[in-house]
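So, here come the structures, one by one.
You will see two complexes here that share chain A, one where it goes with chain B and one where it goes with chain C.
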Partner chain A sequence: MSLLHLAILLPFIMALFVPFLYKWFKSVHTGWFVLLLPVFLFIYFFRYINPVSSGSNTYSTVNWIPSLGIQFTAYVDGLGLLFALLITGIGALVILYSIYYLPRAKEQLHTFYVYLLLFMGAMLGIVLSDNMIVLYTFWELTSLSSFLLIGYWHTREKSRYGALKSMMITVFGGLCMLGGIILLYLVTNTFSIREMVTQAPIIMEHPYFLPAMLLFLLGAFTKSAQFPFYIWLPDAMEAPTPVSAYLHSATMVKAGIYLTARFTPVFGLAPEWFWLVTGIGIITLAWGSFHAIKQTDLKAILAFSTVSQLGLIMSLLGAGSASLHFESLDNKMFSAAVVAAIFHLINHATFKGSLFMAAGIVDHETGTRDIRKLGGLMSFMPITFTITVIGAFSMAGLPPFNGFLSKEMFFTSMLKLLEFNLFNVETWGILFPVLAWIASVFTFIYSMIIVFKTFTGKYQPEKLDKVPHEAPLGMLISPIILASLVVLFGIFPNVLSFSIIEPATASILPYLLEDGEQFHVHISHWHGWGPELYMTLGVIGLGILLYLGLAKWKLVYKLFPEKLTLNKAYDVSLRGLDKGSLKVQELYMTGFLRDYLGYIFTFVVLMTGWALFSKSAFTFETAGNAPIGIYEIVLAAVMILGAVTILFAKSRLTSIIALGSVGYGVALFFVFFRAPDLALTQLVIETISVSLFLLCFYYLPELQKREKLPFKLANFLVSLGVGTVVTLIALSANSQRVSETISSYFIENSYKEAGGKNMVNVILVDFRGFDTLFEITVLGIAALGIFAMVKLRLSKGEES
Partner chain B sequence: MEVMMSIVCGILFMAATYLMLSKSLLRIIIGTGLLSHGAHLLILTMGGLKGGAAPLLGEKAKSYVDPLPQALILTAIVISFGVTAFMLVLAYRSYQELGTDNMDHMRGTDSHE
Partner chain C sequence: MFETVMKLSLLILALSTLFYFYRLVKGPTVPDRVVALDAIGINLIGLTGVTSVLLKTNAFLDVILLLGILAFIGTVAFSKFLEKGEIIENDRNQ
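Now for the complex of A and B:
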């Protein structure tokens, strides 16, 4: 147990105390206590920057289930540290923001902060775990806590829907990932990621490679809201805004990005990986940005923009995996894509966090997030406006903000893919820069919508519930810090490059480096008149034109039928599953005992019959059999007659008497087969049984029509089958005696050991006395049961 | 002899199954009675028939029939009697409470509540 483990577990420990803090300190907003933790953790992780950037990674191990190879290994390298800083840093800002966003008087704060801390701890666990099973545990914890946070206002129908949807999709992905983990374990015999990376060549050759990779990607794509699994993210916007800012822009949705980056050294050499990650990323980018424009809710626009930006990062990671094919540092063409991915990941966290917070402020101060009702807020909320401008312009990729730089690097990487001469990229590769460019135009447009539809134009006070005014200072602090970072990273991007980006790149592309070598990242604003700059100019130009003509071409969106959306497909398939299973259930669960017995008997006949014939088990051998006497034939005939009489009896009395005759026949058989005790018992019991039957008959008949049992062919066939199978099994069993019986022991020892001459009785009370004990118990229970049934009555009032 | 007994048992089983698939509660119980008769005979048959004298040492015979199946059957008879008696009273009570012994009228599933 090291300090590092404690850092991961501290949020969970803190979560335990939150309800007490909430109850004990009624005058203080619980968030202030909670805020201390991420601040402390951020400082703690900040101190790792020096060792990690000089190339030394820290790890420490605690045994959890050593017999299964599951150790809780905490591991800090460049990538893990980057995420840990994001999680704790933005976590602190979000908690600060939430203190002002959620009033103590109205909200159930203790549950909110418990869920949030749970989430924070789980996220830290994901990014700092080396063991895949531990990682998976934390992975599911994030799904769970995200579910709780989305459904925070659980009295709202939409919150519950959104929470359930995100749970279904992310847990589906999580389970797929677990499958991938197990497959990888079967190949490498370890759960440690670092050891898996060293065994990457072995994994490449293995037949499990492709399924494991696909399962991993399913996990990553569902969590990171990639196409077509992004549908849960817009619905998750029902969560409180601090949650949306934290989980659904900066941290949780990047868990899939993290996983993809983490496993690039394992899977990255495969063409499938390149095509899937880059392709799905680009599709998500274009699709998300295209759909963002038609949204009217600020948070929905931001949700689709998150989807699209995540697609961008994903495609950059895919492009970065191309660098694994050229194992020399001279060829930095494609590793630059990884640098761009990391840089944009940081940028996105900053500007998207600030935009969500700004949207939350607008919602908080005006009572709506609908851009059709908003407008002209610039003069009321100048600070929020400034924050939104910085965030949105950065998102659109305008200088001097950090989004400009990452977008330039993105274009560079996509253009360089054209020079990549593997996997037939030369044919379809042209689509990458084209789609990237189109998506950037859309990104530009919706960024402008966020700024200008909200803050400029006509002020519509009649549509707003409140009189808008600037938010309190406390609520503005966090977005101001994030917006300052946007500007800071925009103007001085290299503060990040040595400290964070280089070590993170090194952990994504570990074997491109010789010992002691480091990536040298230098991000510059001005890199000459390259094609990227022309592309950016084109984005801005076309973007402005399209934004101004938005009202005209927005009708395009009406062309897409509502019924063909992915949400519809999700809803319909879910409802279909519901209805389908109900139908199936109603089909066979008829409520008739007869049907269930029919299934059971049919199954018995088919299974035993099939086994009997498929294994050719039926044998017929009569060598050891006893001779047949005339008495037995007559008796057998009487019994068969009795049984058949029951079937054809018109009255119940006849059938009861026929049953009695069969019973006495059995007693006679016992006599013939030399079983005196059995014969005695059978006679007595049959007599009592028949009188019981008669007793029942006396109470039952009035209502009964004295009708013959109606003939049913299906029933007849089933019972014929049962009879035949029983006979066949009896004959085969009789013909194949495997060993001698143990009866010689009883015959020899009945008198010697037990002092009795009646062997059956000796067996019953001495050799196998336990049987008798419990058969007595059965009789006792039956007697008590009958007594209870006859005597005990619930009075009408007590009946349920 | 064993062949004949196997066939008799098969016929008992068949008749029992047919009765258990009927609608009337009384017939179902009669069916279970037949079924247990069939099962008891089957146990006895499988133990081998007429291998010697009755399992009483006083007989001083050279060989005896197998006593173990007889002990098993004796237990089974008692248990099946207990269960049959219980079921009969159950049928009687359900007739009293529900006014029917037709299984179709006693039908119920979750979705039909």
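Now for the complex of A and C:
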């Protein structure tokens, strides 16, 4: 157990104490105690920047289930550190924000912070685990805690719906990922990601490669809200705004990005990987940005914009995997895509966090997030306005903010894909920059909507519940810090380049570097008059035109009817699954015992009959059988007659008497076959059971129908089949004995060892007395049960 | 000779049981069937006796006694059931 493990587990430990802090310190907002933890962790992880950027990664191992090869290996490299800093840093800001956002008097703060800490710990666990099973454990913990956080206001119908939906989709992906992990384990015999990377060439050749890759991608795509699994993210906006800012923009939705980046060295060489990651990413980007414009809720716009930005990062990661095809760094353009992905990941976390917080402030101070009701808030909330402008302009990709830089790098990477001449990219590759450019135009438009529909235009006081005013300072601190970071990274992007981005790139693309070599990371504002700059100018120009004419072309969205959306498909398929399974269940669970018996017997006949004939096990051997006497034949005829009488009897009493005769016949057979003890017992038991039948029949209604029981062909066939199969099995079992019986031992030893001449009784109480004990128990239980049933008669009201 | 006679009587007893059984199946009334069952029980006693002579064992004498008792009890129970509609009168129900 190292300090690093403690750092990962600290949020869980803290979560244990939060309820007590909430109860004992009633005057202090619980968030203040919780705030200390991420701040402390942030400082702790900050100290790793120096060793990691100089190329030394830290890891330490604690055995968890060593017999299964599951160790909790904490591993800090560039990528893990970047995510750990994001999680703890934004975590601290979000908790600070939530202190002012959630009033202590009205909210169940202890549950909120317990869930949030669980989430933070789980997220740290994901990004710092080297063992895939541990990673999966933390992965599911994030799904679970996200479910709890989305459903935080659990009395609202929509919160529960959103929580359930996100749970279903992310857990579906998580389970797929577990399948991928197991497949990879079967190939490489290790759960460690680092060892897996070294075995990447072996994995490539293995038949499990493709299924494992697809399963991993399903996990990553569902978590990171890629097309078509993005549908849970807009519904997750029912969560409190700090949660939306933290989970659904900066951290959890990037877990899939993390997974994709982490497994790029393992899967990245495959053409399927390149096409899926880049293609799905670019589709998600375009789709998300297109649909963001029609939203009217601020948070919904932000949710769709998150979807689209995640698609952007994903497509960059896919483009970056192309660099694995080149031996050296000569063709450094594709590794630049990875640099762009990481840079945009950081940028997105900063500006989207600040935008969510600003939206939360608007909601908090006006009582609505609907942009149709908002407008003209600029003079009321100048600081929030400034924050929103910085965030939204950065999102739109305007200079001098950081979004501009990453968007330029994105265009560069997409354009460079045109030069990539593997996997048929030369034919369809033109779509990448085109889609990227169109999506950027839409991104520009919705960024403008966020700013100008909220803060400029006409002020509509009659539609607002509250009189708007600027938020308290505490609430503004976090978005101000994030907005400052947006500007800082925008103006001085190179503070990040070798401290964080370069080590992270190195961990996504290992083995491309010689010892001591570093990736070329240089982000500059001015990179000459290139095609990227013209593309950006085009985005701005067309974006402004389209924004001004928004009212005219917004009708386009009417072309997509509500019925054909993916949400509808999800709802319908879920309901269909519900109804379908109910129908299937009603089909065979009829509630009639006769039907169930029919199933059981049919399967007995089919399975044993099939086994008997497929193995050609049926033999019939008469040698060694005893001779059959005439009285045995007569007795058998009597018993057959009795059995047939039971079937065709018209009154119950006849059936009973016939049953009794069959029982006595059995007793007589015992006599013939020299079993006196059995004959005795059989006689007594038969008499008693016949009298018990009589006892029962007294309480039964008169047998009304005088006519015969209706003949049912299915029943006839089933009973005939059962009889035939059992007879055949008995005949063939008798015809082929495997070994001698052990009865000679009892014959020799029953007097010598046990001192009894009655062999049956000696076996019952000496050699195998254990069975007898439990037969006695069975009888005792039966007697007690009957007594209880007769005596204990609760009337309907007294039940339970 | 002795064994042949014994086997012959066994056959006769078995055939007689078969005929009783015809009565049991045919009826027509329930008392007919009860009497047939009682007679089958007595026939069983005979069958058991002859069989134990044939098998040269006295292990089945208990069975003969038991059959006698049971045939009696069974017939009485059936009769009582036909007469009163129940076998054991339950005083607590009154």
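Rule of thumb we're sticking to: the second predicted complex is superposed on the first by the 788 of 800 C-alpha atoms of A that agree within 3 Å, B and C clash if a C-alpha of one lies under 4 Å from a C-alpha of the other, contacts with A are read in each partner's own complex, and residues count from 1 in each chain.
We adopt the following convention: a residue touches a chain if its C-beta (ideal position, glycine included) is under 8 Å from a C-beta of that chain, and two chains touch if they have at least 3 such contacts.
This is a predicted model, so every value here is computed, not measured.
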Have a look and say if chain B or chain C is in touch with more residues of chain A.
-> B
Determine, under the contact definition given at the top, whether A:Ala643 touches first (chain B), second (chain C), both, or neither.
-> first
Which superposed partner A:Thr687 touches (first chain B, second chain C, both, neither) = second
First (chain B), second (chain C), both or neither: which does A:Phe601 touch?
-> first
Once the shared chain is lined up, is A:Val634 touching chain B (first), chain C (second), both, or neither of them?
-> second
Now for A:Ser661: first (chain B), second (chain C), both, or neither, which partner does it touch?
-> second
Which superposed partner A:Ser60 touches (first chain B, second chain C, both, neither) | neither
Identify the partner contact of A:Ser743: answer first if only chain B is touched, second if only chain C is, both if each is, neither if none is.
-> first
Give one of first, second, both or neither to describe whether A:Leu653 is in contact with chain B, with chain C, with both, or with none.
-> second
First (chain B), second (chain C), both or neither: which does A:Thr456 touch?
-> neither
Mind sorting out which residues of chain A both chain B and chain C touch, each in its own complex?
-> 629, 674, 676, 695
Under the touch definition given earlier, write down the residues of chain B that touch chain A in their complex.
-> 1-24, 26-27, 29-30, 33-34, 37-38, 40-42, 44-58, 64-68, 70-75, 77-79, 81-86, 88-93, 95-96, 99-101, 103-104, 106-109, 111-112
In the complex, chain A residues that touch chain B = 582, 586, 589-594, 597-598, 601, 622, 624-629, 632-633, 636, 639-640, 643-644, 646-647, 652, 655-656, 659, 662-663, 666, 669-670, 673-678, 681-682, 685, 688-689, 692-693, 695-697, 699-700, 703-704, 709, 712, 715-716, 718-720, 722-724, 726-727, 730-731, 733-734, 741-743, 746-747, 750-751, 757-760, 763-764, 768, 771-772, 775, 778-779, 781-783, 785-786, 789-790
Of all residues in chain A, those that touch chain C in their complex | 629-631, 634-635, 637-638, 641-642, 645, 651, 653-654, 657-658, 660-661, 664, 667-668, 671-672, 674, 676, 679-680, 683-684, 687, 690-691, 694-695, 698
Chain C residues touching chain A - in the complex, by the definition given at the top = 7, 10-11, 14-15, 17-18, 21, 24-25, 27, 30, 33-34, 37, 40-41, 44, 47-48, 51-52, 55, 57, 59-60, 62-63, 66-67, 70, 73-74, 77-78, 81, 85-88
